[in-house]
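You will see chain A twice below: alongside chain B first, and alongside chain C after that.
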Partner chain A sequence: MHIPDFAIPIYQGVIYWAIALVFVFLAVRWAKNDMNEEKLPLVAVLAAAIFAIQSFNLPVSMGTSGHLVGGALAAIVLGSPFAAVFILTMVLIVQGVLFGDGGITTMGANIINMGVIGGFVGFYSYKGIKAATKSMPVSAFIAAWLACLIPALACAVEMFIAGTFPLMEGLVAMGIYHAIIGVIEGVITVAAIYLIMNVRPDLVDSGVKPLKKVSAV
Partner chain B sequence: MIEELFQIERDAYRDSSVHRVDARVKIILCFAAIVALVAVPYSTMIYTVGAIFFIFFLAFWLATRLPFVAYLKRLAAIMPVWGIIIFFQIFLKNRYYSEYHSLVSLPFGIHIYTESIEFAFILCIKFMLTISFIILLSSTTKMQDLLDGASRIGLPEEFALALGMMIRYLFVFGYMFRKIQESLKTRCFNPFDSRLPYRYRLRQLGYTIGTMFIRSYEQGERVYISMLCRGHGTRSHLFLSKKPLRRGEWSLLIAGLVFIIVMPSCVWLMQFSLF
Partner chain C sequence: MMDNRTFLIVGLVISLLVGSIAVFMASSDPDGLESTALVIQGDKTLTGAAPEDAKIHEVTEGRFSYESPMPDYALGEEMGSAGGLVAILAGTILAFLVVLGLVYVMKAPGKSV
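Right, the complex of A and B next:
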């Protein structure tokens, strides 16, 4: 679902960049406060892993491209949607600058789709579904599926606003592709979280912050 | 893409006058060229601007002393994904044209429009040129230099640190991938072999991906622990020595930016004066 440089007019690219920068700023703040010595290698390896899984691209005729996203995986493992924004921004920088996958002027739109929407949808749907079902595999699978589908639909809407693809055809094509790809994304996300929880449970952030102060009674 | 990563780094380690230019100059010029190309409206004006920018790109590429085939190979690697998307434009109407003339009528009410072909061609030119500048930048600048250059321009320190590690991991991933692939080959394991049970194949692939992830992480963790032993930490500041641009680099930067801004503006103004 990378939007390339040619697909969006420059003024729209500027607007998406402005919105994305707000979230990137918050993600940098997350990194400053929460990315400690233990998390940094995990952030980097997750970024590299997401880069690897995103490299399997399929063209979508009425949209952009179809691939796994990884936003939910990053947000769940690191316990914050801003972690997904941070990681996906890094992935998009490397893809855009080294491989020409995505674009420079459209990077803002791509950060919004995969990092912001993917991360927030993945993280909060995981939390909500897990609270209801108490099952990690079910909640991670659904969260990853949604975090793959919804950014793809957002991408189709952005392409329509840009005037390069029709809305209904774009939504249908991107929706169908990513609904199928989302199943693979769900399986990979569950497998990765299961593996990390079993092999290195210390790496998974439960999202519970340690107490900073203990008041004396 | 992992194999392409190794090739890009091999190209970046060559030597030429373009390779030796400071990364900041190359980043600014390439990004400026991309912005200028994207800023050109979806009109036939892109033909002239595109031709001028291609000559500009070609001049740099020839100075890199990299084979032209290397550029074509990288373009061909990216082309299939975006090429199909551009191709489908010929069947679509969009808001950039008020009138559409059907060129070919196909079954199921599908039409190929003259204007849509023109639009697809415009997108194709924009795509090929923007990608060309990305290929130029990545083929002539080492990843670490790109990172240092971006940090000097103003990339936040948190990104620089994590990106530096991510780039290392990409290569670790690449080596792990090769090693695991070789070990699977020596055991004659083929995931597409239909004679093997489906669940067995899935389990093996699951183990492979999981092993790659964990081994890469642990390899990276060892590297990072050794960095910590030498006094590095998330709270430590990355030291980048001051590196002022040389006079030649300043000249190239200013001349390049003037060219990138002035040329499309001239074409745009000429279009109005002619019609």
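Right, the complex of A and C next:
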């Protein structure tokens, strides 16, 4: 769902950039002040991993492919939606500048969709569902699914405002395709969390760790 | 437990492997956004296959355009998969180094960005 330069008028791109920069600023502040120094290796590895998985277009039938976003994964394991904003912004800069994947004027919109919306939806839906279900895999799966679907719908709305897509057709097509991509996103997110928890449980945010077994209730 | 250095190396290697496999295995079907664009311009049905030669109509008038050094994660037709591999591996390593360097500088004591 990387919006290319031609899809959005420049002035609208500037508006999205202005909004995105507020979140990027907050994300940099998060990295400076709130991020535990010991998480440094995880942040770097997630940046590489998210770049790699985003380059992997998986077939989702209906003549369409899709790649994972990774916003929910970053926000969940690092315990902050700003982690997703931080990492996704860096990944989007590399993708846009070096590979022309996502535009320059539209990078703000892409940061908003995948980093901000993906991160916040992923993080807070994970927290909420986790509180209700007490299950990491169930919560992470649903959170990642939503963090793939909702940015896609936001993208459809932006494309409508740009005059590129009609609203309903855009929402339906983007919604259907990303609802399917989101299932893969959910599975991979849960698998990645398990993998990281296995090798470095200390790096994963405490909210993710399974509840310690209590012998007597 | 894995130490930081091992975690970094293993994490980067897994990412590079995923990226390398992507070069050969990734679906060439249009992605969700491109597919939606094709549906809207009438070149594809919602659930149907994407036509091979379908092109997305690009409005270029009054829009910004930028020529990236490695468009579409490739180094041009003649380089083929090898070019794709170089592009993806370079991108993965760059994303890794940019974030590692940035966080390192931000976290270094006595420094501020």
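Quick note on the criterion: the second predicted complex is superposed on the first by the 193 of 217 C-alpha atoms of A that agree within 3 Å, B and C clash if a C-alpha of one lies under 4 Å from a C-alpha of the other, contacts with A are read in each partner's own complex, and residues count from 1 in each chain.
Following the convention adopted for this analysis, a residue touches a chain if its C-beta (ideal position, glycine included) is under 8 Å from a C-beta of that chain, and two chains touch if they have at least 3 such contacts.
Not measured: the values here are computed from a predicted model.
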Chain C versus chain B on the shared chain A, clash or fit after superposition: clash
Touching partner for A:F23 - first (chain B), second (chain C), both, neither: neither
Which superposed partner A:F123 touches (first chain B, second chain C, both, neither): neither
Between chain B and chain C, more extensive residue contact with chain A: C
Contacts of A:A191 with chain B and chain C, given as first, second, both or neither: first
Contacts of A:I104 with chain B and chain C, given as first, second, both or neither: both
Partner chain(s) touched by A:F141 [first = chain B, second = chain C, both, neither]: neither
Which of chain B and chain C A:F82 touches, first, second, both or neither: neither
Which of chain B and chain C A:D202 touches, first, second, both or neither: second
Selected from 25-33, 97-105, 169-177 or 259-267: the stretch of chain B that, after superposition, runs into chain C: 169-177
Residues of chain A that lie at the interface with chain B and also at the interface with chain C: 4-10, 13, 28, 31-32, 35, 37, 40-45, 47-49, 51-52, 55, 57-65, 86, 90-91, 93-94, 96-101, 103-105, 164-166, 169, 199-200, 203
For the chain C and chain A complex, residues of the former touching the latter: 1-2, 4, 7-8, 10-12, 14-16, 18-19, 21-22, 25-33, 35-37, 39-40, 44, 46-50, 58-60, 62-73, 87-88, 90-96, 98-100, 102-104, 106-107, 113
Touching residues on chain A, where the partner in the complex is chain C: 1-10, 13, 28, 31-32, 35, 37, 40-45, 47-53, 55-67, 86-87, 90-91, 93-101, 103-105, 152, 155-156, 159, 164-166, 169-170, 172-174, 176-178, 181, 199-203
Touching residues (chain side chain B, partner chain A) in the complex: 1-2, 4-5, 8, 31, 34-35, 37-39, 41-42, 78, 80-86, 88-89, 92-96, 123, 126-127, 130-131, 134-135, 137-138, 143, 146, 156, 158-159, 161-163, 165-170, 172-173, 206, 209-210, 213-214, 216-217, 220-221, 224, 228, 233-234
Touch list for chain A against partner chain B, complex: 4-10, 13, 28, 31-32, 35-37, 40-45, 47-49, 51-52, 55, 57-65, 86, 89-91, 93-94, 96-101, 103-105, 163-166, 169, 188, 191-192, 195, 199-200, 203
